[in-house]
Every structure is written in C-alpha cells, then in structure tokens.
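Labels for the chains are A, B, C and D, by order of writing; each one numbers its residues from 1.
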Amino acid sequence: MLGIGILGCGRIGAMHAANIAAHPRARVAAVYDINVAAAQAVSRATGAPVMPSAAEVFAAPDVDAVLIATATDTHADLLEQAIAAGKPVLCEKPIDLSLARVDSCAAAIAHTTLPVQIGFVRRFDPGHRAVFEAVHDGTIGDLHQLVITSRDPGLPPEAYLEKSGGILRDMTIHDFDMARYILGEEPTRVFAVGSRLVAPALMDALGDEDTITVVMTTDTGRQAILINSREATYGYDQRVEAFGSQGMAVSENRRPHHMVLSGSTFTEHAAPLLNFFIERYREAFNAEIDAFVDAVENGSPVTVSYHDGRQALLLAEAALKSLKEGRIVTTGEIG
Amino acid sequence: MLGIGILGCGRIGAMHAANIAAHPRARVAAVYDINVAAAQAVSRATGAPVMPSAAEVFAAPDVDAVLIATATDTHADLLEQAIAAGKPVLCEKPIDLSLARVDSCAAAIAHTTLPVQIGFVRRFDPGHRAVFEAVHDGTIGDLHQLVITSRDPGLPPEAYLEKSGGILRDMTIHDFDMARYILGEEPTRVFAVGSRLVAPALMDALGDEDTITVVMTTDTGRQAILINSREATYGYDQRVEAFGSQGMAVSENRRPHHMVLSGSTFTEHAAPLLNFFIERYREAFNAEIDAFVDAVENGSPVTVSYHDGRQALLLAEAALKSLKEGRIVTTGEIG
Amino acid sequence: MLGIGILGCGRIGAMHAANIAAHPRARVAAVYDINVAAAQAVSRATGAPVMPSAAEVFAAPDVDAVLIATATDTHADLLEQAIAAGKPVLCEKPIDLSLARVDSCAAAIAHTTLPVQIGFVRRFDPGHRAVFEAVHDGTIGDLHQLVITSRDPGLPPEAYLEKSGGILRDMTIHDFDMARYILGEEPTRVFAVGSRLVAPALMDALGDEDTITVVMTTDTGRQAILINSREATYGYDQRVEAFGSQGMAVSENRRPHHMVLSGSTFTEHAAPLLNFFIERYREAFNAEIDAFVDAVENGSPVTVSYHDGRQALLLAEAALKSLKEGRIVTTGEIG
Amino acid sequence: MLGIGILGCGRIGAMHAANIAAHPRARVAAVYDINVAAAQAVSRATGAPVMPSAAEVFAAPDVDAVLIATATDTHADLLEQAIAAGKPVLCEKPIDLSLARVDSCAAAIAHTTLPVQIGFVRRFDPGHRAVFEAVHDGTIGDLHQLVITSRDPGLPPEAYLEKSGGILRDMTIHDFDMARYILGEEPTRVFAVGSRLVAPALMDALGDEDTITVVMTTDTGRQAILINSREATYGYDQRVEAFGSQGMAVSENRRPHHMVLSGSTFTEHAAPLLNFFIERYREAFNAEIDAFVDAVENGSPVTVSYHDGRQALLLAEAALKSLKEGRIVTTGEIG
C-alpha cells in the first residue's frame, strides 16, 4: 500500500483523498491544508492524521509520495520541497501560471529520478484514451484534424476567476495538453480568438474572455481546433474528434444513465450530461491514481510528465499573446 | 411508360396516383372512384381521365395495369375482374377480411400468369429491407428471435374502426407479413393477448382491442414477437429487431431531419418521428411501384405475392382465435 | 461502519466483499466459504478474518449483518440461521429453487423485524430505475406495455446449467422481478415459449431452453414481454422499454466508453457493451449495498423484500408450467 | 406550371432537370448545353426540346424562367443576358470566381425586380434549417459559437480542381454562406489555415489546399469555425453545430436508412452516410426549386439573394488572403 500525503484539502484534494482511501493499492498517509478545518474533514473521512505543515508531511516516514492540490501559486515551491525530501509527486495542473517559474522549478528538480506526474486527468478518460489509441494504432490513418470541444456548465465564482490566470491558462490548458497527447507532435503555430459573451461586464473587469477558439498547426500541417465556453446550459460538454486519412474517432459526452424518453412533443430525450468534472472524469481520476502508483511502485514512466505540464502552459502563453496581438504566434517566440 | 389505372381515389389511392405521376417509368392512365369528386381531384392532379366505372378502366386500351385501392370488401371482385380483363394488378392489403373469400378469389385467378402484387409496402422500406438482408445473407447468423414493434400515432376514426376487421386484420397484418418475410419460414403456432387500454369504452363497444402482443413460433423454434398499440403519443413507432446467432440487426425509427437539441433540462432532444405512414414509408411506396413496373415490364417475380397476402390473413385469423379462446392456435387449425 | 459477514466467496461474493471494503459506511467483518482457499483470497483482499463455519460468522460480535452468496440450495437454511442469530440479511437471488422451501423459510422468519433484502440488483441500475420513475411519477402516463430484453453474452458452463434450475429460474427470474417492479401490480396470467437454438444438444440433454419469450398480463390488462437468450455475440444485452399513454421510457445498453468510430465501410461503430453483469451493474451493486446499509442503520424499508423474492419465483414456476403444458397459466394455479 | 429553361446539362443541371420534371408546379421548357449530347440526354428524360443556343432559350415564349448550371465562368454573362431577356434566374454557385466580375454583373442587373436566386442549396436542408430556426426563434438563446464541418467523400478529378478556383471558393464557399445564414450578421474578421494532407503532391502542383480551418468573428464577438477536408473515407460529412446562451442545436449527418447492426466485435454499426451531395441534399434541392417557383409566381422574396452570393465569395477572398499572408484579414480589406 502506497502511503500518500495530501497537500491541499479543497474540493479536488478531498476528492483525491477519497479515491486514494478506496484504492486497493494506496492509502492516505497524512493530510495538510492551511485551512485546518478542511484538513480535519479529510482526516475524519480517511482516518489519516492532520499534519501542521507541509514540511512535516514530507518528513513523515510512512508518507511514500505526495499529492499537491494546494493553491496554484504554491505548487512549484511544494514540488521542489517534495523532491528535495525524496518524495514522488503527483501535482495538480497547472504547475504555475508563470512559464519562468515552471522553468526555474524544472532546473531545481532536474537531477531527480523520482516520478513527477502532472494532473492532466483527461488523458485517463476511457473515451478520450480510445481516441488516442485509434490515432496511435493507425485505425484512423494519418491524423489530419483534431477538434476538441470543452464547455463548462457554468461560470465559476468571481474570486476563482480572479486567481485563475485567465481562461487560456485555467480551462483551455486541458485542451492544449489533450491536443499534444493526441497529435503526437508539437503544435508550432497558434492562433486564438476570444469573446465576452457569457458575462461581458465581468470579463471586461477581469480583462478575461469567456468564449475561446484556438487553432494550432504542427510542422507537418496537422490542425487542432480548441473550442471553449465558460457556460453551457446543457451541462459539461467534453468531446474530442480526431479525423484522419482512414476514418474518424469521436469521444462523445457521457451521462449518468441511458434512459431515453419520448413524449408528445419530442423523442429520444436523453439524460443530462454528467456534471461536473468530478463525476464526468470519475474513472479518469481513479486511473490517474493507478498510473501514479504504478510509476512509484513499478518504475513505470509517468503518463503526464513535468515537460507535458510545461508545454501546455507554453501553448497557453502563445494563445494569450495571439489574442492580445491579433496575430499568429509561433511557439518559438515563447520559449 | 406503364399506363396504370387507379381504382379508388381515397387517401392511399391519391398518394399512389401522385407517386405514379412522378415516376419515370409509369403514368396514371385512368382514375375511378364511386366518389366522383375524389376521382376528379386525382384527375386534376395527374391529367388522367375519370372513368365512369371500373369496367371501363379495365377496357381502356392505354391501361396496361391497375392499382386497386378501393374499400377492402371490393378488392377481391375487382381483382378477379382485372385478371379476367388481362390486366396485371397491384392490390392494397388486405385482399379481403374473409379467408374463404381470399381462397375463392385465388381459385378464380389460379390460371393467370399475370403479375398480382399485394400492397405490403413495409417490405420495401430501406431499413426493414436491410434487416431482411442481414438475416438472409447470413450477417447475423441463424435467426433466433424477431421483435416487431408497430404503434400508430393515434386512434383512427370510429367509422374506420368499425369496418377495419379488428386490429389484428387491420394493423397487425403488416407485422404478420413482415414476420413471414424476415423469418423465411412459416410460423405454425400463434399466441395473442389483447388489451383495451387506449379507448376501453370504444373497444368494448366494437369488441376490438387497442393493445396487442402476438408470439409466434416456427417448427424450427424461431420466435417472432409482434407488439402493437393504436396510440403512441410520440408518433408512428415502427421498429424491427432481428436477433441471431452472430448478431443483431435493428431497423430504427425515422425522423424528418436530424437536428438534435440540448438545453438546460435535457440533452439530445430529437425531432418527432415521421408521422404517418405516407411520410414514414415514402421511399417504400415508391419502391413498391418500381417493383410492380419491373414485374409487369420485365417479368420479374412479384416481391409480395397473392399467397403472401393470404398467409398474413391466415395468421391474423389464428391470432384472433387465440385471443378469443385464450390458448395457442396452430395454423393448421385455420386453413 | 456496518460490519458485514460474507457467506460465500465465489465470484459474486468476492465482488460484494470488494464493494463493501471500499464502501464509506460498511466494512467486511468476517468471511466464510466451504472452499477455504476462496475465503482466504477474500480475506487477503479485505483484511477480514476467515471463519471456520457460518455459525461462527453469525456468532461474531462485530458482524452486524450478513450477506449470503453461497450455493442456492443453502440460501434458505443460512437465512433462517442468520435471522435466528439476530442478523439482518442481504441474500443473493434466488432464495431457493423450490417455492415450497421459500414458503417454509418465510414461515420460519415470519416473526422477525430484521431487514431481509433479496439481491435483485437490477432494480438499482440507474437507467432501469429512471424507467421505473418515469412510470411511477406519471411521466409516461398509464403503463400499457413493458418489454424487457435480457440476453447473456454466452452460455455458462454445463456444470452451472445443471444446477441452475433452468433458464426461467436462473435468468428470466431477474426479468420477472423487474416486470413486477415496474408494472406496480402483479401479473396474473403467464404464457411462455422456449426454444433450443443456441446449444440444442446440450439443452436436450438438460431438458432446458436457451431462448425464451414470456408474455404476462395483469388484471388491468397491462402487458409484459420478456425476451431472453443465453448467448448474444455482441455482448450483455440489457434493455427495458416501458410504453404508456403519454410516452415511452427506454433504458438502453451501456458501454465502457463512448468513443464512436467511422471508417470506409461503416459509421458510428460503438464500443462493445459492458460485459458481464459485474461491469454492467457496477453502480447497481454499489447502490444495493447502500440500500442495505440504510435499511440496517436507519430502518429504511428494504427495496427488494423477501416477498419480492418469492413472487419472482412464483412467476418462474408459472412460466415453466406454461412451457411444459403449452397453455396460459394463471398465477393462482401456482400458489 | 412554371416553364424553366435549363442552361447546362452536366451532372447538376441534369439533376435539377429531373427534379423540375417531377415537380408539381414546374416543368422543363427547354434545354441547352454546349455539349449537345448532354442536352439531348436531358431532353430525352424530360421531353423538353434542345435549343441550339442560350439566346434561343431566353427567346422561347414558354420559357418563364431559367436555371443556370453551366461552367462557372459563364454564369455572370448568362445571368446578365437572362435578366436582359426578362427571365427570372436560379443560378448555381458561385456567381463567378472573381469578385470584380460579380460586382460588374451586379451593376448590370441593378435595375431589375426579377427574382435572382443563388444556388446555396444547403440552406434548404431540413436539418440545417432546423438549426437556423433554433437560433432565430431564440430556442438556444444568443448564438455564441457556430461550428460547421464539411468533408467531401473523396478528391474530385484533377481537371475539376484546376478550374475550381481553389478549395475556399469551391467547397468552403457553402460554409461561408451557411455561416452568414445562421449567424444573422456579417463576419468581419477572417482567419484561415490550410494544409496539404490528402494529396500533397497534387496540391503543391495546383497551389491549393485539401484541409482547411477558417475562424471568423462578427463585430458582436460571435465565432464561426469552418472545418473542411477534401476526403473523408467514411463519406460525406455535413454537420452544423450552433451553441448559444440557452442551449445547442446540431444538425447531424444523414444515412439512407437506420438499420443498426451489432456483432461480435462491435455494436451499433450504422449505415454509411448518404453519398454524395445529390443524395444528401435531395430534399434541399427540391425545396430550392419550390422556393424559386414561389419567388417567380408569388413574388416571395428569394431565400438566397445575389447579395448573398457575393458576400460568400467576399469571405472566400478574405480567407484566401489570410491563408497567403498568414494573418487575420478584415472583410473591409476586400470589398
């Protein structure tokens, strides 16, 4: 049983803790949060002790690895400390909102051979992964166009948005990673358009966008199209379409069940979509823990590396620059 | 161009006349109806002359064949007259409500080599036909179970019901034919249950049922299940499911278009079903005319023979007897 | 945490034990199987001690309730012993293959107020339950026809079939229960046909059937149609269709993911169905444990009562008699 | 009956002629093609006389209107001649490959009140039209993002490609029109990327692209994304997705029938898509003729105006400039 210390007991940290507690090969070894009440709640649910500091989590002998799910601006520091303490790390995305800090952290941990896995959980979704496989095993031939649609069910709180780093670094970043994962090569040219249609006044105040389209191309001419909105009334819209020379693979939306209703004014009325990411990506969150346990225990390569975390942020930066300057940005301009 | 005389200019006769008028290899050569106004309306739409009697339709030199779409109790007489006059016949179903009359008509026309095609139009539906082919080309292996669901969008007028011969001879008869078509062998044991759920008082008054399930088996053990209702609020429900040793083929319902709507309380809301048989079986009605023209002009065998018309009625009689006597009826008991 | 003793550590007992071990409100308190190796395997996976006999499970102070997943012919005895020992019971279906034994067991436990829940797990499936709700909250109006399709992915081993009590008591019994659950009233007339199409020689040897259709009616005229096969090459086919005066609710098949593939010879090729019951009814098995914990801890009524277990068996007996005698059987003839 | 003269008897002209011949309110009054054999074939099929020149078609007294389906570079001349001769025109798209010629033709016919309808047939597709209606009647709230996917089943012949004006003016032009139709306002900023993935050598030789993504925005921030490929092995992929503040409307692909097959290695295998535009847009081509007959006979406004034809070309020009210069192009730069 791998003993995992949980750093950060907010919504996502608590969810990870519950998954780890129910996992046959892992257990929660310690919990920490600057909000002690949050840590205590996770402690009660899992039986793991609350630690007074992250340092004591790193020092605890039965903590074999750590999961970092704290505020984004603490990720890089904690990651460096964890590696220094000899603990493998599963770190929530993004590593940091600043590419410079991501790179300095990379330098600080460059020497390590410990597993460092970044939390791009969507790679573990069975449907998205089946698209990945249909591309990489040649089922759909050479990939030509990749269309990723990600729409959230509703606008997050203003306080969240203020610290989010903007839609491209907060929300589209998942799609940058998914695009890299499925394309199998790096996008080199990035073009983005953003609109303020869901909450125009709030977006004006924040200098952010709520509706995004990004088009990226690789050097071989593959096209990736990312389509985002902060608010889809019909729920959490998560689709991936890969089009290739021999066919098309589409990962469709998911629902809690498949009861289909017909009545006098409609037919085939389906259940609402799974809402929100904790439900939609439930299997993926579990598979992410599986993969991390495998990496730590068996030395399997991590599925989502630190470099993957960095490259997704680099694409977000390129898209942001494209948005601001109204032009195509090459990734070489960024880093 | 095959000149076809139309006998009967009600809803279905008028529809056939319009299809024939637009058909590249057929034309309407004459029209007749005891309701002169109905005949005149079809005449105006097609340019074909109104004839004062069926006899004059049979005698007209440019009438190469006739379509019988009159009241059911006139079908057999007109069919005998047409054959006597040397005209190929496409006759709407059922041939007659009485199996004895069907058999006497058969005897009267036994000598002919002229094409006689019965109007079981659903055999020509592209989806149902694809199920037939998946069974008969071995795609789904040996057929084990056949489930046919036919539900009408709403109860017909009382006047219609009174003359219909009951739901088994009026509505289920299409499914008896479809079952024989796809099974590829004769059902020999028939069991039926009927309920009065849609319009109980009216059904009591008529001695009829509005909700039917029939189970039939063949001597090799294949099972056919027919499921009927006189009223489906969501529209005209027409499905065929063939289950075999190697797979399953299902002909699904059809819609006028495939615009799918998602909103805050539902997802994937589809368009209403095609409603009613003229829309749902539009291609089938055209293909039925094609097949008839082929039979007359090229000597192709008719797709739906007089014998097919008789056997469907025989199954309806067996089901009716099963319903009345509350027991399994063998087809050998009927004729 | 409710301590549950596991009696029977075969495939289904082991699955329940794993679910209970991961359940936030339950734990495995003891395990027992006549096959000690099987019990030890579950012990290793859950940390619960192996007991040398069922009696010692019943006697253990930290066993708050028991789950009976042993061979069918031991269910009734163990159930009586458990109640005598004051332990609530979750008992796998069927209670027994003999209605007489079911009734003598009922008499023996008649005095108890302890929860006794029977393992008709499909009632807990989210899709089937949504059909139940669409019927019982009036969404589809008055129920007219209920069509339940259950096809297994493949024939079980001959040794299993020999002890199964026949397809009606082993497989259709789930559909008898589902029919009662959704109909909301008792079927009173039962008609069944059986065929030997999947494995004719084996079925002849066993005196069993592999392909079943059952039609049942209630006193108000509702119709239930149960369609079974022992072998569907495309997987575990589990569908429920409820048709009513105001609409239709259909619980569709489920798949592990929703990646849809299109290629040069097909479009919309879906993933194979979830296969077999452990995967297909995973949520349902968990919800069944939830309901049992609620019944024990909060005194909630059990969702599937002992009486429900008896009535499903009674319908199976009626269907078997119908099959043998080739006639409609009323439930009053059975018990 | 509106007498329509057919100019151009190639594939699309012959199809229109057949539709008009079967139309209840129109007839083919005359046919013309520089290829006399092509004209004769349509003459034989429809009974209409072959004319030796377009001029004689315009002069024929029973020609009430004309349909222009000749080579693109003759459209504008014939359109001017038809208007000069007082004949309403239904002109296939594009009006011309040169925006300057489109504008000079506009000037030449500026004085006319005769109906001039451009052949953007997809506006008449029942599914796409249902999306239009869901946007314009407010069903999906304010439109935010419009995603149009158009992929052809296979590369056209090289000879066709050479004269096509390039993918943007030949293929994407339908999507430019569909975008304008559904957006309900003009796109003002256009960004395009093109790749050579289907037939790289041929595209290099032609200086054309086979894989296109265009992103357009309107002044209110609505986003339109057009996704094209010259070759989809699974058939003619034609989808429109409109996403708005209150929901989403999607026009899905269509198939010739809805027989769905399941077997040992797959489930829900659907029929291939309708292939190619003559089959896919059959109802739309008929509805286009209906609308034209209405415009001529009843003075209804044309659904697709000359201005619409011009604006689609303008967007194609902007996209072409964006492609060449690697930057966003505003429509104001073009005309």
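What we mean here is this: a residue touches a chain if its C-beta (ideal position, glycine included) is under 8 Å from a C-beta of that chain, and two chains touch if they have at least 3 such contacts.
Being a predicted model, the structure only gives us computed values, none of them experimental.
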Exercise for the section: Work out which chains are contact partners of both chain C and chain D. Expected result: A, B
Handout entry: Distance-maximising chain from chain A - centres being C-alpha averages
Key = B
Completion exercise
Chain centres from averaged Cα atoms put chain A and chain C apart, in whole Å, by 39
Fill in the blank from the handout: Distance between the CA centroids of chain A and chain B (whole Å) is 57
Practice task
Identify all positions of chain B at which a residue touches two or more other chains, and write them in rising order.
Solution key: 233-234, 246-248, 253, 262-264, 271
Problem - Complex interface listing, chain D residues touching chain B - result: 18, 22, 24, 45, 125-131, 134, 139-140, 246-254, 256-264, 271
Exercise for the section: Using the touch definition up top, name the residues of chain A that touch chain B in the complex. Expected result: 233-235, 253, 255, 262-273
Completion exercise
Residue set of chain B touching chain C in the complex reads 141-142, 144-145, 147, 149, 151, 189, 191, 193, 195-198, 211, 213, 215, 217, 221-223, 225, 227, 229, 231-234, 237, 243, 245-248, 326-328
